[in-house]
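Chain nomenclature is as follows: A, B and C, assigned in order of appearance, with residue numbering initiated at 1 for each chain independently.
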Amino acid sequence: MSFTADDWVLVLDMLGTVVFALSGVLVARRLQMDGFGLLVLASVTAIGGGTIRDLVLGVRPVFWVVDVLYLWVILITCIVAIPLAQLLSRAKVNWLLLRADALGLATFTAIGVNKALDLGAPAIVAVGMGVLTGVGGGVIRDVLAREMPMVLCREIYATACIAGGLVQVLVDHQTGQTPLAMLSGMLVTLLIRLAALHWHWQLPTFGKLDQH
Amino acid sequence: MSFTADDWVLVLDMLGTVVFALSGVLVARRLQMDGFGLLVLASVTAIGGGTIRDLVLGVRPVFWVVDVLYLWVILITCIVAIPLAQLLSRAKVNWLLLRADALGLATFTAIGVNKALDLGAPAIVAVGMGVLTGVGGGVIRDVLAREMPMVLCREIYATACIAGGLVQVLVDHQTGQTPLAMLSGMLVTLLIRLAALHWHWQLPTFGKLDQH
Amino acid sequence: MSFTADDWVLVLDMLGTVVFALSGVLVARRLQMDGFGLLVLASVTAIGGGTIRDLVLGVRPVFWVVDVLYLWVILITCIVAIPLAQLLSRAKVNWLLLRADALGLATFTAIGVNKALDLGAPAIVAVGMGVLTGVGGGVIRDVLAREMPMVLCREIYATACIAGGLVQVLVDHQTGQTPLAMLSGMLVTLLIRLAALHWHWQLPTFGKLDQH
């Protein structure tokens, strides 16, 4: 059985869908929402980024209208995650939320860059599309939950995304191997983001001279 | 004169447009906005859900660009509602806002489900599209007004939507009568939501064990 | 060398892109974001309104995917603006932010009205499209930064937009001169908004009788 580049994209897309749905479940737990509200929050988090990607690229109708698999994956993720998440303390929920979000960010960024490269878009558009796809779902989740969007946080969020996107574009241009490029980009995004969370890395922030 | 399924959809669409525009007016009154800011808030509330529906389904251009009726209905609703709303106390505004929102939710959910079924979408997509259409406008209104989106509230909001959508899909599959299915779904959504508001119904919330 | 109506639109579009990117930079400075987070905020502010315009009108893919110029302009604006903005005090940042936002609002409103008129849309749709295009980017910026969206503020924001849009539609219908109509609309929006900021103009707000 051969495993094509399209299969890779599907596997990564499902992985991103599951972890972003999970991150929606964890935020819903923090807000003490009921089961169906949680399902809505998990769904917009999981398919929000891809929906924006498809809209901006002009793909229509949007992927989850065409392929019913996504909504079922979200539904099953919620059903499995609810009893498990009940066992977690608030601190563990926060810890897990940041990691699930990082994995979703890395996955969806790689997919967004890949779709744009498929269309022959130049590097800057591909990176921009990666950021939009990766960041979209999490931003909608945070805006609905009235929390500061992680993309605005100081612990290297967009930076990880942009670095991963640049690496992916480079590897893709040099080798022409889509799966290799996607995995490289994903790993770069994920490792930078996880390292930033672990060691509290921050880039020099803008606005230091605020006191004068 | 025969009254076709298309006429039903138009009537419901106008009803949803008027009540969601009204809900935008009531929020604008609470924020003490001026008349034109109010017009903008009423518009995004009334056409936001349908716009997201059309974008996701790939209908283009979006309905209110094609059919000028919607913007006129919103404009007239605002002109009529402003002097009337002035007479209301803050408590009455809140009371009315929740009811107008419930009616808009029920109407737009039914329309969203119907559009997806028209395209031959499977049940889970139809229900998802109903939730998105019904919830979209109100979420934009609440996000702009910096209030907790009603969809995240604990008084059975998404639950009503999903139940109504499921009933509509079932009736449509069993009878093939679009107007009957839409009315059934709408009534289920509306009655569940109104009952939840009246008796403060809540589903068991997720996250009870938060204290450990 | 002849300067066509299309060239005018491009010049205004670039102007709006630069000033809205700048307004994103200034908000990012206030939030003490790092350089790449700032780039994301500047981008969504600068291309958000036009993206919504293209989506609603059914243009696909969206302009910045087709024309790589926009993302480069944003990138260069950020690179130039960061060291300069460092020199500003918080009060000056606020002062500049409101002016840059006003100029972006005026420019993008004129472009939105123009695109709708190009498609033969009736006056009310053209004005609505102008408001959506002008307001979109700034609303996304404010929602992400968790600030009260300027469109809901009391100092004649949507009012300026709607007045400018109406003037542009009138001049366009009377003279058929697109550049003249765009400049007239832009000037009306800009001057009303700047005057409102300068003299703290407010329309009678809705909700005066709140005390009973």
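Rule of thumb we're sticking to: a contact is a pair of C-beta atoms (placed from the backbone, for glycine too) under 8 Å apart; a residue touches a chain by one contact, two chains touch by 3 or more.
These numbers come from a predicted model, not from an experiment.
Chain-to-chain contact here is organised exhaustively, every possible pair of chains being in touch. Seen as a C-alpha superposition, subunit B sits on subunit C after a turn of 120°, to the nearest 5.
Centroids built from CA atoms put subunit B at 29 Å from subunit A. The residues of subunit A that reach two or more other chains are 55, 60, 143, 146, listed in rising order.
Across the interface of their complex, subunit A is touched by residues 55-58, 60, 116, 119, 121-122, 124-125, 128-129, 131, 135, 139, 143, 146, 148-149, 151-154, 156-159, 161-162, 202-210, 212 of subunit B.
Residues 28-41, 43, 51, 55, 60-62, 64-65, 68, 71-72, 75, 82, 85-87, 89-90, 143-146 of subunit A are the ones touching subunit B in the complex.
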